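One chain, subunit A, appears in both complexes that follow, with subunit B as partner in the first and subunit C in the second.
Up next is the complex of A and B:
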């Protein structure tokens, strides 16, 4: 009995003497909330010691990876430090992102912890060179999350992270939260997450990422960076083209359309889309594909800037609806046209062809982006219904 | 002179000192020996009395001498000699001061015996007197016995013993004067709308409280005596026609097997429990007669112990410990919500400090980013790892629990101020403990208090610490393993042959009826059967259709 007991005790002890593996107190983790990836500007050391250089046996000093971490500090102290930054920025340089990440550990004792990462920002140069090889690190690492939002910035990604904003919040958190506004303001690319992008790259599908710009203590999300099926950034869609592309892709949520007021063209009338039903079809005639968009937009008059015009007048409403039809059709066409010009089918029309005409798709799938897609005509058939013209009177 | 004395003193002084020392030690020893002899004499004089050695005699003096020895010449034992009136026959009364009702003895025994106006014939024959004694005395109950042991027992309970010269019989007259507190509202099991009476320390009163609620001759109360020195009365209570007799037999067997001096308060329930080494209670104690009765009606067996304001109910399964009297008086939906809440809260009371440790130190990705950052910010500067931090706070909590019980009521307020202010606020301000942990600790405390059964709450408080250690060593993995061990242990437990998790995890799909009063409280009209796991003789509880 005693022998058994001692044996069991020894077994249990071996469990406990292994120590508390994986234990790391929450305040000692380096919560990486945002990652910025830039090209290294110059390889000349900036000071006496080259702080940023990561030791790599092979590879160039190509990328600069920047981490944004929250600054943990006591609430009492925050009153005095209210002018101070609410984040910490650490960076390292190297071709291997993993080596660079590890190099940060020589600067700070809390090891980077990626499970709460919010955004990854690429500079436009990095995007133009292709992000496929870089994303491997983010997909491979066990701590990474597929819900990380990817962004492109025209300037330097590190500046997006280190910029001082009006709000006392970590920039990455702030940007990630602001991306939810896409439902109210559809003029920047819908949030695109790491998991989605990975599957786009795997399926050779073009995609867009939103642009983020920083100026005067403000960030702004705008436009869309178009990536071709090789993961290389090839151009941008402007804000209206983004909206047109979203209608084609059927992921428009809400939005407003501003048109000249039919009663007085120097004034404006604003239509807010509340509901819509969009139908995109592909027709195959004589081995020639063409697309048809049929859509009904139902909404309200958000603003009628011509006070003399009663919004309840049916002839006025008819004219306004016609203006809106023209305008939305133009948006759709321009968005589509731009995609054709860029040879990038970011509205996922190829999957529509694949589903509706699988035999035809088999013949042309290798030539779709480059040859077929830029030549496919688009027919637009839009209806607008102003459901609630009057709120006052 | 000096010259003469000096050598003498030098030569003899050492010797004298030695002699004196010897003398001193002899005196000491003599004192010890005297003490020993005194103890021995006392022991011989006051030997533990076993009543069996004495036989009743015809001579009253012999009997009195024997009884005096039996009662160890106690000063509170009164021996009142008297001469029974017409025949001038010697008689004596033995009773214990204050335990016997002096008024009954004066008016109904002494007055009648010494009264010169007997209604019966004045024959001097002592046998006659013995025959007519039942008519002379006007006390309520009169028993004749030949056994000294039984008589002594009754005297110790407050009855009076009557001895007559020339009659080798003892008359036991009921003169019990029991000093009781009145029936008061229950302290430990309060309810909102339930009855306000609770058991008290007297067995008879407690039985009355039970009988009042069940006007049924099938309510069986079997008394027995437990405790070789205390001779405490114990009543095993059950409802004939409902209870399965295997439980009654098992309870009686276990009680009969007890070899103890005295059932110290409720220690008896640890002695008859199936698993004395488990932290979980496999018997239930209640101070509410209504709860006791409803348990009997379900087919359980109750044990009432004299001197204890708590009764014990067996068999007890885990779900019994989560029931409160109010459950059945509320609407079933609210009652169900509250019942479920108790289970959830009990789980959290057990595991939430461990979860805090596991999540903050091992798996911070399990919580949303803003919460993780908030915890991180509040932990910034705390010098302890989260396990030590939690251990300190939970230990504080346990100390305050214990202090709260021991405290005199008048200083309770001081402790609550010290506890609430110093431990809650000051430790956070001093940066020794993070504020989320204070929330966790107070939640744990409140959760513990909401468990209806005190002994279950104790078990949960005990198991909290090992869970914390497991979580601190292996994170969520360790916590899960520890919880699994606890559940394995729970499923191994039995109470009087009944699996401890019986109705919570039904044995088969045919026994789903039991679930109507476990996690949920089904409407009263739906709960038509008694718990099937207790295998009652009459399964039907009620039939609302009839």
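Up next is the complex of A and C:
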């Protein structure tokens, strides 16, 4: 009898002890999908009650942190309000991002919850001052995704999140999904994840983040903001320099190369890269390092704008291949030169030197970005193979 | 040990794997990355050879006393006082290992799963079922371990292999840039991850149905455990790189947080890994707590193990709650690791030498 009672008691007990402390109703969670970080526009109080100001015992009113949350509607209501905004925007201001995040909790009953976060956008101004200290909050929070994407915007980050786009999707989700297009359009930086950036900062490694711009209800990903090994934005790579940098870093997926048509230079020929083999080496001769990049690009003529020219003519193909070789080599060299000018080895060539010449690396690692890297010569050896020159139809 | 309790070498293998493979997967990569950098997987491999050596010593010693457990033959070798002291050392070591593993386990659960639940509640809920599991002796414990091990380890293996999707092979280079010294220095840190088999064998030898098969099954257990640790070390290193691994509190979980399979029902791996890992750690805890209690039972010649388990669990919960922070856990972990090495590589060989010497002397007499 006593045994049965104890057994029943244990069973009943399980109903009350399963995760009671961590019970959170789904409607009480604020699913943050995007975070924007700007400098405050003004440190003066806003309005009678200054709703945005975070309570901080120390620190300035420095950053404005903006959260984008999805707006959940009842199913019937969503049919009627299909043209309405699909997101909610909340913000707070302070120097500590954590304090500012907590300040938002005084405005809403659903505490910001970061497990589903998609993007973090920094304004260029914030980037130029440095993001190393800001990222600490995001790395420390156990809810944060390591693969959340980081971006920089030339304007205000809050505007990227709050802008009304053509699509009825939360801006952060839309931008995060659009970043997958990097495989087809390699002209914006693809090194964007929080985990990666944290690793770059820990290794004193320069890196790039893509720029995101919003205009006329459209969003666009473009170029790359270059951050030095201290986490400060020091310049930008243009779209072709980004592609050159990606070849050096061996993380180019696909892409197109547009060159003057050899049959008629006023018209264009477009080469689509379908596959490639890239090998980057560092050679150490007499304690002097130099890089060699050897690559073969295999692809197709995606567009031949000189219809009089037969695309299977071998002399035409040879000329076109040479044109492409020159052009791709120039892209690589210009991307490399820009990195040298900025003293920012964003192609991770330092890691190559460390792996291939660890003893040499030990001697020069503290002087790499400032002294050594800007002077290292680069040898480029490119081959292009137009494997499919014919029309499909 | 109840003389009627008999276990097969295969069951010994299952027990060894379940007891050994627990919380170390969380912290081992961090410790090794600090010492051996990009070559952190090498000490994992070499550590397996060292534990095999200790296992063989322990096995040889146990084989000299085929009808006794280690608790009994320690007394035969060192006399009542010396033997009891040695048994207390062994018991303290096992209780501390249990408490330490449990603390790391609940800390990780608190950080990543149940952040609002008090530590003591998680600890109690994980340890209290052991009283029930251990009340009828070794066989129910073994059955429970056997029941959990196959589904838990199959799923666990499948999940950890998915980690290769995010591995960056350049993180494994350069190889031995600093020479072999950092690799050798890393070996002692692997001890606690492998420890278990050298403690179990002395205790279980007299209950094994085919003791001659133990060499084969013991080796198989070590190879399986080493394989799992090697996979986890390689994947963690491959995803995070050596520098990140050494700076992150629980690098294994963080590495798997980087593995996402978008647009599938899996999406993120870390949650699934944690769930399976709870089953694996629970499995390990049952073993550690049961064997600690069984040592006490034999030391004091008590008939049933159940009251001892019931008394031991509050002590273990107290020990789990004792370290105030992660630094204290790390310090305690180093001490326990050292105590384990002293047991496996100094005390056991000395006991074997003593046993062989005594046997030779008896033969001469």
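We take it that the second predicted complex is superposed on the first by the 372 of 393 C-alpha atoms of A that agree within 3 Å, B and C clash if a C-alpha of one lies under 4 Å from a C-alpha of the other, contacts with A are read in each partner's own complex, and residues count from 1 in each chain.
What we mean here is this: a contact is a pair of C-beta atoms (placed from the backbone, for glycine too) under 8 Å apart; a residue touches a chain by one contact, two chains touch by 3 or more.
Here the structure is a predicted model, which means the values were calculated and not measured.
S.K.: Should subunit B and subunit C be called a clash or a fit once both complexes are overlaid on subunit A?
M.R.: In the superposition, subunit B and subunit C stay clear of each other.
S.K.: Between subunit B (first) and subunit C (second), which does A:315 come into contact with in this model arrangement: first, second, both, or neither?
M.R.: neither
S.K.: According to the stated criteria, A:4 is in contact with first (subunit B), second (subunit C), both, or neither; which is it?
M.R.: Once the two structures are laid over each other on A, A:4 reaches no partner at all.
S.K.: To the nearest 10 degrees, what angle do the lines from the C-alpha centre of subunit A to those of subunit B and subunit C enclose?
M.R.: It works out to roughly 50 degrees.
S.K.: After superposition on the shared chain, which partner residues are touched by A:72: those of subunit B (first), subunit C (second), both, or neither?
M.R.: The first partner, subunit B, only.
S.K.: With both complexes overlaid on chain A, does A:266 touch subunit B (first), subunit C (second), both or neither?
M.R.: A:266 sits against neither subunit B nor subunit C.
S.K.: After the superposition on A, what does A:216 contact: first (subunit B), second (subunit C), both or neither?
M.R.: neither
S.K.: Go through the superposed model and pick first if A:22 touches only subunit B, second if only subunit C, both, or neither.
M.R.: Once the two structures are laid over each other on A, A:22 reaches both partners.
S.K.: Applying the touch criterion given at the start, work out whether A:48 contacts subunit B, subunit C, both or neither, answering first, second, both or neither.
M.R.: It touches nothing on subunit B or subunit C.
S.K.: Once superposed, minimum distance in angstrom between C-alpha atoms of subunit B and those of subunit C?
M.R.: For subunit B and subunit C in the superposition, the minimum C-alpha gap reads 6 Å.
S.K.: Which residues would you name on subunit A as touching subunit B in one complex and subunit C in the other?
M.R.: On subunit A, the overlap between the subunit B and subunit C contacts is residues 19-22.
S.K.: Enumerate the contact residues on subunit C facing subunit A in the complex.
M.R.: 111-118, 121, 125, 170, 173-174, 177-178, 240-241, 243-244, 247, 254, 257-258, 260, 268
S.K.: Using the touch definition from the top, list the residues of subunit B that touch subunit A in their complex.
M.R.: 360-362, 364-365, 369-370, 372-373, 375-382, 385-386, 431, 472-475
S.K.: Report the residues of subunit A in contact with subunit C in the complex, numbered from low to high.
M.R.: So the residues of subunit A touching subunit C come out as 17, 19-22, 142, 145-147, 193, 195, 198-199, 202-203, 351, 354-356, 358-359.
S.K.: Spell out the residues on subunit A that touch subunit B in their complex, using ranges where they run on.
M.R.: Within the complex, subunit A contacts subunit B at residues 15-16, 19-27, 29, 31, 33, 70, 72-75, 113, 115-116, 118, 143, 173.
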